[in-house]
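Look for chain A in each of the two complexes below; its partner is chain B in the first and chain C in the second.
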Partner chain A sequence: MRQLSRRAALLLGASGAALTIAGWNSDAFAAAKDAADDIAKFTGGKTAEKGKVSIELPEIAENGNTVPLSIAVDSPMTADNYVTDVLVVADGNPRPGVATFHFSPLSGKAEASTRIRLATTQNIIAVAKTSKGEFFTAQKLVKVTIGGCGG
Partner chain B sequence: MITRREVLQVGAATAALTAGGAFTRAFAQQRLTEAELLRFDPLGTVTLLHVTDMHGQLMPVYFREPTVNLGVGEAKGQPPHVTGKDFLKRFGIPEKSAAAYALTDQDFEALAKSYGRIGGIDRLASVVKRVRAERGADKVLLLDGGDTWQGSLGSNRSKGQDMVDCMALLKPDAMTGHWEFTYGEARVKALIDGLGFPFLALNIRDTEWNEPAFEPMKMFEKGGVKIAVLGQAFPYTPVANPRWMMPKWSFGIREEDVRANVEKARKAGAQLVVLLSHNGFDVDRKLAARVAGIDVILTGHTHDALPEAIAVGKTLLIASGSHGKFVSRLDLDVAGGAVKGYRYKLIPLFSDVIAPDAEMAAMVAKVRAPFAADLKREVGRADSLLYRRGNFNGTFDDLICAALLKERDAEIALSPGFRWGTSVLPGQPITVEDIHNATAITYPQVYRTAMTGERLKEVLEDVADNLFNPDPYYQQGGDMVRCGGLGYSIDISKPIGSRISGMTHLKSGKPIDAKKEYTVAGWASVNEGTEGPPVWNLVERYIAAEKTVRVTPNTSVKISGV
Partner chain C sequence: MREGILSGNAVALIVAGAVLASGSQALAQATPAKREAPIELKADASPRPWKRYPGWPARDYSKYNTLANLATPPAPKEPRKLTGPITGDAKKGAELVADRARGGSCLACHVMGPAGGANLPGNVAPDLSEIGNAGREDEWLFNYVYDARVYNPETVMPPWGSHGFFDEAEINDIVAFLKTLKSPAVFKTELDNPEKRPVPVEKRDNLDPIENPAMWAVEKAEALFKQRTASGFACATCHNDPKTQFKTWAAAMPKWEPRLNKVLGVEEFITRHAKATTGADWMMETDDNRAMSVYLHFLANGEPIKVDTASAEAKAAIARGVELSKRKVGQLNMACTDCHGIAANKWIRGQWLGEPKGQYDHFPTWRTNLLAIWDIRQRFQWCQVNIRADELPPDAKEYGDLEFYLATQNEGLKLSVPGIRH
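Presenting the complex of A and B:
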């Protein structure tokens, strides 16, 4: 729980959004949950449209244990049209769920930053849900390397 | 709008020597004059001079350009992924000409004897002074693309001070970096404080607050034009080099930050935007197509020397080579906030042709003096050409691998695919300076460890993807890791995990067993706390014992998917 609150605090400090952290699975041998299932559950089976969501992540991680992640959704964030939640999944982690960010019109901007852990090279997928029931998505491949032979 | 590219200008350096071998050094020099090498019909009111990737080389060098430099994805077959005869054809350069010698591997040994060494910071100083005098210093910007402070014995022992002291006489207007950071945060900051010109790096943030850690850009006014120079350090420094040496800095391509700084520069009134980049050529080609508003990218890191500017949309890409062999001159006609025309010349610094600048020559002698005895000490003799540059192997690396196998009693040796390192001609003595030109880093320990066949394959796959990922943003810009005692096949068109096959333990001729452990010696580990003797000591001991070194062509790597 200490890790959860530290991350949550970091996030709140950055953007004022609330956060639910999925956490790193304590059972390392648990089968990897399919990221697509998580997304389907989040969207209720709807297909998310590409666009509006931007993900800021390095192309190659400097340290897979703590990769800086920022997400932003292009939204007016008014009472009748705002981003309610953003789901972030990592499709190559033992458990794909990374975080769900919760927003309200009072958030002002649908932006959040945190640091995530990546076990291996994989896609990070963000899906945003709006108050109008729309879904938008973006993804980015982050490479986790052994490193050491460049130059 | 940019005018049609100018006709190739490598000065008189395109004049071919008579074929058939009777080209003496005196004859070669007769054909070249300093005036012709530097002859330039000025254009517009702005001149950019660019040097990059000098790698600690103050003296003229032999540096053989690559035989193999493969491009993948959209870069396939495009410059700089054109070598040898194809390069000569692509740029209209006669065989056996001075330009052929400076820019390709063709007839290297013979032409090296005719045309001699290239480079030397005292020759560079002559050219810079002359251009400033002829053009007017108020029209000239001199920009250093980085990898300047590392790569030689003197640089390593003085922690970059020798290069900083010599570069100070050139008075550059700005620089960026890569290997510079391997001297550690405290040293880098101390050197930057004394530069007298900005060290620009818009893509470095501090790891604690994720805020910019360096000056991102600097505005200049030259020839009546407001010029913004943005600095981009090597994005993967903490991945390709030890992160523990720079724990407070986080790098990355940070395309959004490039875009934001370009917009900021334009808003601040910049009529010309220049990116002084250490991204590597393919990364810059992609960046130029995605980020609007950059007029010129002065590329670096991948050590490409191209005699023409490459246009990507409205952006010009300049590739000025490495090891102090070249200086680029780019004249720009800027009007109404746009480039109306340009004229470009990659100037090879033939050391027998360009007169050294006396002030700089004296400074070079001064900074080399503390190490003079070591530098010139002869360890052995080369009986065949020693060189490094190329995607897969170089004879200098084969020599290093042989030294690692013997001196650390290992079955397999791994040597990093650095692109720096000078060449030694057959018949020449191998000096301590030559050895350090191929090994001088701040983490030189040679480890000895056990690795399974499976792990070895992972290493090869990982490095191959750094080189052959079809998306340049995932490339790190080095060459393939060099192997001793290990052969393999590589299909560069495949994805990671599927490129490497047929791994063979060369001594026994047996296939590498995924589960078996092999004794592996290697150097330049990025892991903190790596233990072992410095690589240059092992190489020196090996060469001293061999006395004369002959490296036969390496045929243990089979390449496909080209």
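Presenting the complex of A and C:
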């Protein structure tokens, strides 16, 4: 099916490596628990407050390989009140950890964009940490689509 | 033939190249036939016999129509008579209607109450969630699943029984399940409801090299363009200013080629012209051919698609393309127009079915789920295999006719290549 380019070969190699590691705990329940653990570790056990964080993702991803993600946190980003880190987890991936973005007042805005890989329909959760030790969170459900033609 | 051209008059070759690249119809018409772009006339532009890509379903569909060959057994004329009422297993039926390995599952087209968890069903065909209240007889339900052509010869519904997807016992189970459907589907989210699901919008900048990995092909082709073959010639030998010379060329392809008596698209032209000039071996659907096709389309980006339909031969080719687009092919017994005409702008399961307009201006395109560049002919091939028909070699004349027709449906849209799609 695929004419392998060097780039594709590298990408496939990289994803292969990720899957090998993910083989330890691949069921959805374990993934959701891991996501919760990752968040607890990030917040030091504190409960993150809903709000201030916005997540932009397609509601339906036509495939899970490269899903565009943007996150933004409402923050003055001044020296005495700024977002330090944003954790992103995907609770249905074999390895829920997606990324942690680090910011400083010099960032100007607490915004970031990337492409993520989603194994299946699941929640993407972003948690922002501020310099004052507050935590804010948002989550969004992304449906990874089902094709019509079948196997 | 190649020897003759290359060892012959280099000046004539340069003139031929300039005429080809000018894209000026008036100039082309005013010049004698000997100045036409040289093309390989004998060899095929892809391997024979054509072998399906490894990784694509290896099933043999030779019992059914292709775009080149008629083989599908005739439809039954009469409904099958049942000996008694249906006594199938509704629970098994519920599993069968959601089994994606059986030609995509009923949910691809129908909402069916709770079947498959009502997870992203399609809306190509009627919602069957209350079919159990419709008062339909068992025999009617059985035959509609077995082969609906006995009631509607033009139906889009595949002949699930006649074409061997399900046996009679399984269809009995499906009918038993249908009879249990008596209340509207309940969806977990609005996204699951095909009537409320938002239409996908493509927002990515396909010409951004960071966004679209296929942009590497432009660089690769720029290098190929200058690379001399054993003959001592490169594309650049004749085409010394490709950015100007190919500013409109790809937007006017495909075209009727009298020397081959078929329609020639960009990819096949690349194979044949390279073979006849520099001698480069750029068979269709190889990385080099795809890169050159991306590049030549890229140079014409922004140019509205406008193919030459003036000649009687061109008109006849387009008329054949229209007919081919309506031909039922494969085990699923579907035509291009079933999905991209009758069912266009509807959901087949979780996938949006586009109309023909908008399906051509971005090819060759990057496919994010395959990490590969596909040209339009490979897209045709995959569509065929998906509806369980044997595909044709990429340079098949039938694909030429179909591509020509598709180009007319996209007339006026501006090229934007390489595209980016799922």
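In the analysis below, the second predicted complex is superposed on the first by the 114 of 151 C-alpha atoms of A that agree within 3 Å, B and C clash if a C-alpha of one lies under 4 Å from a C-alpha of the other, contacts with A are read in each partner's own complex, and residues count from 1 in each chain.
Following the convention adopted for this analysis, a contact is a pair of C-beta atoms (placed from the backbone, for glycine too) under 8 Å apart; a residue touches a chain by one contact, two chains touch by 3 or more.
This is a predicted model, so every value here is computed, not measured.
Engineer: Please determine whether it is chain B or chain C that touches the greater number of chain A residues.
Structural biologist: With both complexes superposed on chain A, more residues of chain A are touched by C.
Engineer: Quick one: classify A:44 as touching chain B (first), chain C (second), both or neither.
Structural biologist: It touches nothing on chain B or chain C.
Engineer: With both complexes superposed on chain A, which partner does A:146 reach: first (chain B), second (chain C), both or neither?
Structural biologist: Both: A:146 reaches chain B and chain C.
Engineer: For A:63, select first, second, both or neither according to whether it touches chain B, chain C, the two together, or no partner.
Structural biologist: Touch status of A:63: both partners.
Engineer: Hey, what residues of chain A end up touching chain B and chain C alike?
Structural biologist: Comparing the two interfaces on chain A, one with chain B and one with chain C, the shared residues are 58-60, 62-63, 68, 141, 143, 145-151.
Engineer: Show me the residue ranges of chain A that touch chain B in the complex, using the header's touch definition.
Structural biologist: 56, 58-63, 68, 113, 121, 141, 143, 145-151
Engineer: Flag every residue of chain A that touches chain C in the complex, lowest number first.
Structural biologist: It comes out as residues 1-3, 5, 7-8, 11-12, 58-60, 62-63, 65-66, 68, 141, 143, 145-151.
Engineer: Using the touch rule from the top, collect the residues of chain B that touch chain A in their complex.
Structural biologist: Within the complex, chain B touches chain A at residues 178-179, 210, 235-236, 238-241, 243, 250-253, 256, 416-420, 458-459, 462-463, 465-466, 469, 471, 473-474, 476-478, 480-481, 496, 524-526.
Engineer: Which residues, counting only chain C, touch chain A once they are in their complex?
Structural biologist: The contact residues of chain C facing chain A are 53-57, 100-105, 108-109, 119-120, 122, 189, 191-192, 197-198, 200, 203-204, 213, 216, 285-287, 290, 347-351, 353, 368-372, 386-387, 422.
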